[in-house]
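As written, the chains take the letters A, B, C and D, and residue 1 is the first residue of each chain.
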Amino acid sequence: MDSSNRSHVARAPALGFTSDNIAGASPEVIEAIAASSAGQASPYGGDEFTARVERKLSEIFEREVDVFLVPTGTAANSLCLSAMTPPWGNIYCHPSSHINNDECGAPAWYTNGAKLVTVDGQSAKIDPASLHGAARVKVGDVHSTQPSCASITQATEEGGVYTLAEIEALGDVCKASSIKLHMDGSRFANALVSLGCSPAEMTWKAGVDALSFGATKNGVFAAEAIVLFDASLAPEMGYRRKRAGHLFSKMRFLSAQIDAYLTDDLWLRNARQANDAAQHLSRGLAGLSGVEVLGATGANIIFCRLPSVAIQSLLQAGFGFYHDRWEQNVVRFVTSFSTTIEDVDNLLAHVTRAVPAHGV
Amino acid sequence: MDSSNRSHVARAPALGFTSDNIAGASPEVIEAIAASSAGQASPYGGDEFTARVERKLSEIFEREVDVFLVPTGTAANSLCLSAMTPPWGNIYCHPSSHINNDECGAPAWYTNGAKLVTVDGQSAKIDPASLHGAARVKVGDVHSTQPSCASITQATEEGGVYTLAEIEALGDVCKASSIKLHMDGSRFANALVSLGCSPAEMTWKAGVDALSFGATKNGVFAAEAIVLFDASLAPEMGYRRKRAGHLFSKMRFLSAQIDAYLTDDLWLRNARQANDAAQHLSRGLAGLSGVEVLGATGANIIFCRLPSVAIQSLLQAGFGFYHDRWEQNVVRFVTSFSTTIEDVDNLLAHVTRAVPAHGV
Amino acid sequence: MDSSNRSHVARAPALGFTSDNIAGASPEVIEAIAASSAGQASPYGGDEFTARVERKLSEIFEREVDVFLVPTGTAANSLCLSAMTPPWGNIYCHPSSHINNDECGAPAWYTNGAKLVTVDGQSAKIDPASLHGAARVKVGDVHSTQPSCASITQATEEGGVYTLAEIEALGDVCKASSIKLHMDGSRFANALVSLGCSPAEMTWKAGVDALSFGATKNGVFAAEAIVLFDASLAPEMGYRRKRAGHLFSKMRFLSAQIDAYLTDDLWLRNARQANDAAQHLSRGLAGLSGVEVLGATGANIIFCRLPSVAIQSLLQAGFGFYHDRWEQNVVRFVTSFSTTIEDVDNLLAHVTRAVPAHGV
Amino acid sequence: MDSSNRSHVARAPALGFTSDNIAGASPEVIEAIAASSAGQASPYGGDEFTARVERKLSEIFEREVDVFLVPTGTAANSLCLSAMTPPWGNIYCHPSSHINNDECGAPAWYTNGAKLVTVDGQSAKIDPASLHGAARVKVGDVHSTQPSCASITQATEEGGVYTLAEIEALGDVCKASSIKLHMDGSRFANALVSLGCSPAEMTWKAGVDALSFGATKNGVFAAEAIVLFDASLAPEMGYRRKRAGHLFSKMRFLSAQIDAYLTDDLWLRNARQANDAAQHLSRGLAGLSGVEVLGATGANIIFCRLPSVAIQSLLQAGFGFYHDRWEQNVVRFVTSFSTTIEDVDNLLAHVTRAVPAHGV
């Protein structure tokens, strides 16, 4: 089955644009789960699926990597960070980052008390000069938590994408500051497709030490890969994962998902579909008077400003999306691997009708 | 599809008896996962599958219960315990318990430092009189960790099953000691089928406050339900689960598994098949001279003593099982929902051939 | 011996104005320590000194209070906070607060991961409206840490003092937000003397639930009292203190210090001397051209702006103080219970000479 | 003033034999505290007293050591252990050890969840062969906590003393097992005097990596020194201590005590007095029919068996001691640096009268 078949079945247009986590999984992933169930397999990752995933990720990243599969992004992020900081360390992150706002303090607990220190910057991206400054505050002073690592989100929470030069600049700051660099790649594939670069370029070649390689938001049911480029982080990770309850006995369940995800470029195709839908939506919205698209649409998230009456009208029509959360009249639309051009056109048609003739 | 269809397909006999976690998932579960993937669904448990699982568990336990789905038994156990003890509490458990030996210290970390205090007893069961004594040591003394909860495993790690009277006796001790009672039910269904009682009788009616309702070992891919009978434990649990990285965005993935598991008694049928296979194996082994079956076979685990030459012969034939781990020549066989009578007969035939004419 | 005797002995003027922690202890405290050493006493707080301190603090605060003595302010603050928040809670504090900047993350560790959420405001004081807003963010959302308590520093880190009305306003916000209020009173006496109110008015009558009653900075060697107005916080505190290694076997050592501190108003006399010295210094500095006193001098800390040449000159003369840490040319002088008017005059004389004729 | 002066003043005999923590401090220590208070001093250990203590301890141990002063033994033990194990580590200790029984779980919290694994042995001493076995269980298995360090108490909780050969044997096991060795030396001086060896021989030369150098029980008010022989443990310790609230701003208060303690062999003289008193008591008790002294009296603790009637009689006479806690009729007497021969004779006289003519 290939992805072009998906739209063969006539179906109701997707009304949900709240997040890419409201979609199910790609058919290929479902099939892989089913296939993986046959027969007996060694538990806890001693199975062939897991071995294959490890090989594939090493190929994709063009080097040896250490891989630890977990079911959620919060687990991936927190486990990575816990290996990159002592309990008295500073984790530098953007104020709008997921680890700072949306994980109920998981990183603080996993690290046994490390501090999230926010470093601001345009477009939800950490400013390198600010990071450089932050990482020099009270170094060696026992009264203060100490510089340990930085975490960036690729694609960002605002839907933008760090360029390679931007990641390298942060990688350089980290190296010069003797701190490690983590990438929260919950939308890794969307960013990669957007940049058109290689996975290696977007990560270790630019200075990333550990990656939360996201898959759940992009066609997998519940599976993420911790990918370690800094081999010194690996020996402890097995204990950390087990101790957190994230070592699956039937690990093939996770690996089969990632295996399918990495096969025949499914991950890239899915990301492309989500990004294309977002581009289509962004362009469509930009063409409407009374609508202002905010920021660049780098991946699969669009922020725009809509009149209140339009927001209400869309909600009544059954569309789902976040609004008035960041600022009055600001709306966020998220597309996914399962969003079609028809879905977007349907939304655009409603927005067009909903926006008053003479704008806000 | 019913379970009797499974053996229609000619297949190689299962050689693995190391654990029930080497099996895949029941076909019904796979189908449910696939079906759950269609269309959009509210994330984080706001979906219909999760609501249905909550209703079903309330029906099964004949009362309102609070349900929190998680992917692993370690997560279920540790989250339950973390809600039942302060960081300076004692968690009473049997020396052979899974939480004590096989979770890499997860309970200590989840509880921010509570102490596993082992309380011995025959057949991997906590002795009520010993628990009564332990829960009276240094109560109120700030120099000592304090009685907080007890945790029992049903079925036990040795393959036995606590009788209702035994659970009630422990429930009474806990109540009299003002401590809570947790049940690690990673093989809950196997124990239930063995006792032939109701889920309510085996839990809250006997004094259990919180249950790790296992499913992974019995036909599900990776899903367990935290079931709380003590409603005071519930409000914090959502935060604890999220913070541990165990709140799935695509929760339907977990709920669909449990939903199928609870439909048309799949969970009980699976457990019965595993238990019946174990009984068949136990009887078969008991009839062989040179083989000694150890303890009662209550669920799906059998311990026996085999001659070394027989152990070697079985291993060479490709059988998988743990041996010489607890004691010289002691072997553990575990059956599962996918173990057939043919699988057992195949094993028994090999054992028969492998045991020397005149025993050990 | 009374405090007026201290200046009888001719001595070199104190050159250190870095902090009030560079002074030793009041003679009365030393004598009390020596006296407490005689004979045997029950350990762990079962002694008469501890009982007396508890009585005295109840009298001073005009109500029953629960008292736990500890040796440091970091311990007092962290223990208080750990009893006022779950691990997924928010602790609201000012960006410049000691708990946020100077305790190496102790509150995060003691609370097993709670989050310090900074709430800004003029003069190092939390703004009530901002606190009100902060305490309403994502309440009940499992993805977010939850409002739990606020912590204010009295006197503040900038040397100011919350007025009673300001504390009451914050107390009201806390009550309306169902969060608790902690006061870091490491300079409690300095603030009290400055306001001229009663200890009860400055704490529980204004809504404070728990107080770190500081003594170390004001004439004691190393002793602070956790004073709990919310009795529900008390039962756990004994375990928390012991577990943190802060329960002294020879507790009389701590209690004798606090006992002397509270006798014959030593604590108030000491604070008055420090405050008076600060006022004298502040007035003196304000009269010098080329010197700008920053903010009001409420307690025993003065911030001012000095020409670089003056700063260098003072350092060369042997004076100790922090400078250029908050902003270019900004200097902090801290007086203590042992700072005399002569000490201040000596400093002023040097500043006068060091400031260039025509200012900065 | 020397210690012989102490009995010049006629005084009532000491009645308390519950513990060595019911005594006050040596006069020399009190004087040092008073003297240290004069003038200003750099805070947080930047003072001359602390530097001197560090020098003295390096001399005493005949090598460079890293020293961190803290106020309690629980803090010293927990901080040492937290630097010697990851959160998933095993800390091997004797079932009767203080860290296992009397610190309210402090080591588990300080280590963020490490496991105290008890290893038995005669006379409250860890058996080397048992440690060797324990340290080989499930090494490298992610399901199990991992061998990290062992902790021994010198003198033991039963009043015995590890011989040099016994410590070396454990040191060898630790080295061979790649785990570290901690010594809880809360009665270090008593053990040292008993063995008549050098501090170096009793510690690092025998394989000890970190020492809790006790002083509080032996004439100091509240001060212990963490002494690190393994320099790799030092860099983190400053952060750990601060973060636990154990870094004193007026550090000279702690250092002055230890300084006096180490001056003119006060620590050894005090320990000798306590040990001699214990020997005198032990011999006296051994000579009474109806009294059975249990175990060897190696330091300043004596266990014996007394008739119930004698126990009651002693309690009525005002003597304090623990009894019937370990076993029926078993009594523990602890002497201290302030226990005189007269005190012991007074106790012995009462015991003699209290023991019935014909024994138990």
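Note that in this section a contact is a pair of C-beta atoms (placed from the backbone, for glycine too) under 8 Å apart; a residue touches a chain by one contact, two chains touch by 3 or more.
Remember, predicted model here, so these are calculated numbers, not experimental data.
Trainee: Walk from chain B over to chain D along touching chains and report the minimum step count.
Mentor: When the steps are counted carefully, the minimum from chain B to chain D is 1.
Trainee: From the C-alpha centres, identify the chain that is farthest from chain C.
Mentor: It is B.
Trainee: Looking only at C-beta pairs in contact, point me to the busier pair out of A-C and B-C.
Mentor: A-C
Trainee: Distance from the CA centroid of chain A to that of chain B, rounded to the nearest Å?
Mentor: That gives a centre separation of 34 Å.
Trainee: Centre to centre, by mean C-alpha position, how many angstrom separate chain A and chain C?
Mentor: Taking the mean C-alpha position of each chain, the two centres sit 44 Å apart.
Trainee: Could you put a whole-Å number on the gap between the CA centroids of chain B and chain C?
Mentor: From the centre of chain B to the centre of chain C is 53 Å.
Trainee: Can you list the chain A residues in contact with two or more other chains?
Mentor: Residues 87-88, 103-105, 109, 112-113, 142-143, 239, 242-243, 247 of chain A each touch two or more of the other chains.
Trainee: Draw the chains as dots and join the ones that touch; what shape do you get: line, ring, star, complete or other?
Mentor: Complete.
Trainee: Give the list of chain B residues in touch with chain D in this complex.
Mentor: Against chain D, chain B makes touches at 87-88, 101-105, 108-109, 112-116, 142-145.
Trainee: Would you mind writing out the residues of chain B in touch with chain A in their complex?
Mentor: Of all residues in chain B, those touching chain A are 14-16, 19, 21-25, 30, 33-34, 36-43, 70-76, 78-79, 103-106, 109-110, 216-217, 221-222, 239, 242-250, 252-254.
Trainee: Where on chain B is chain C touching in the complex?
Mentor: 44, 86-88, 112-113, 142-143, 146, 236, 238-243, 247
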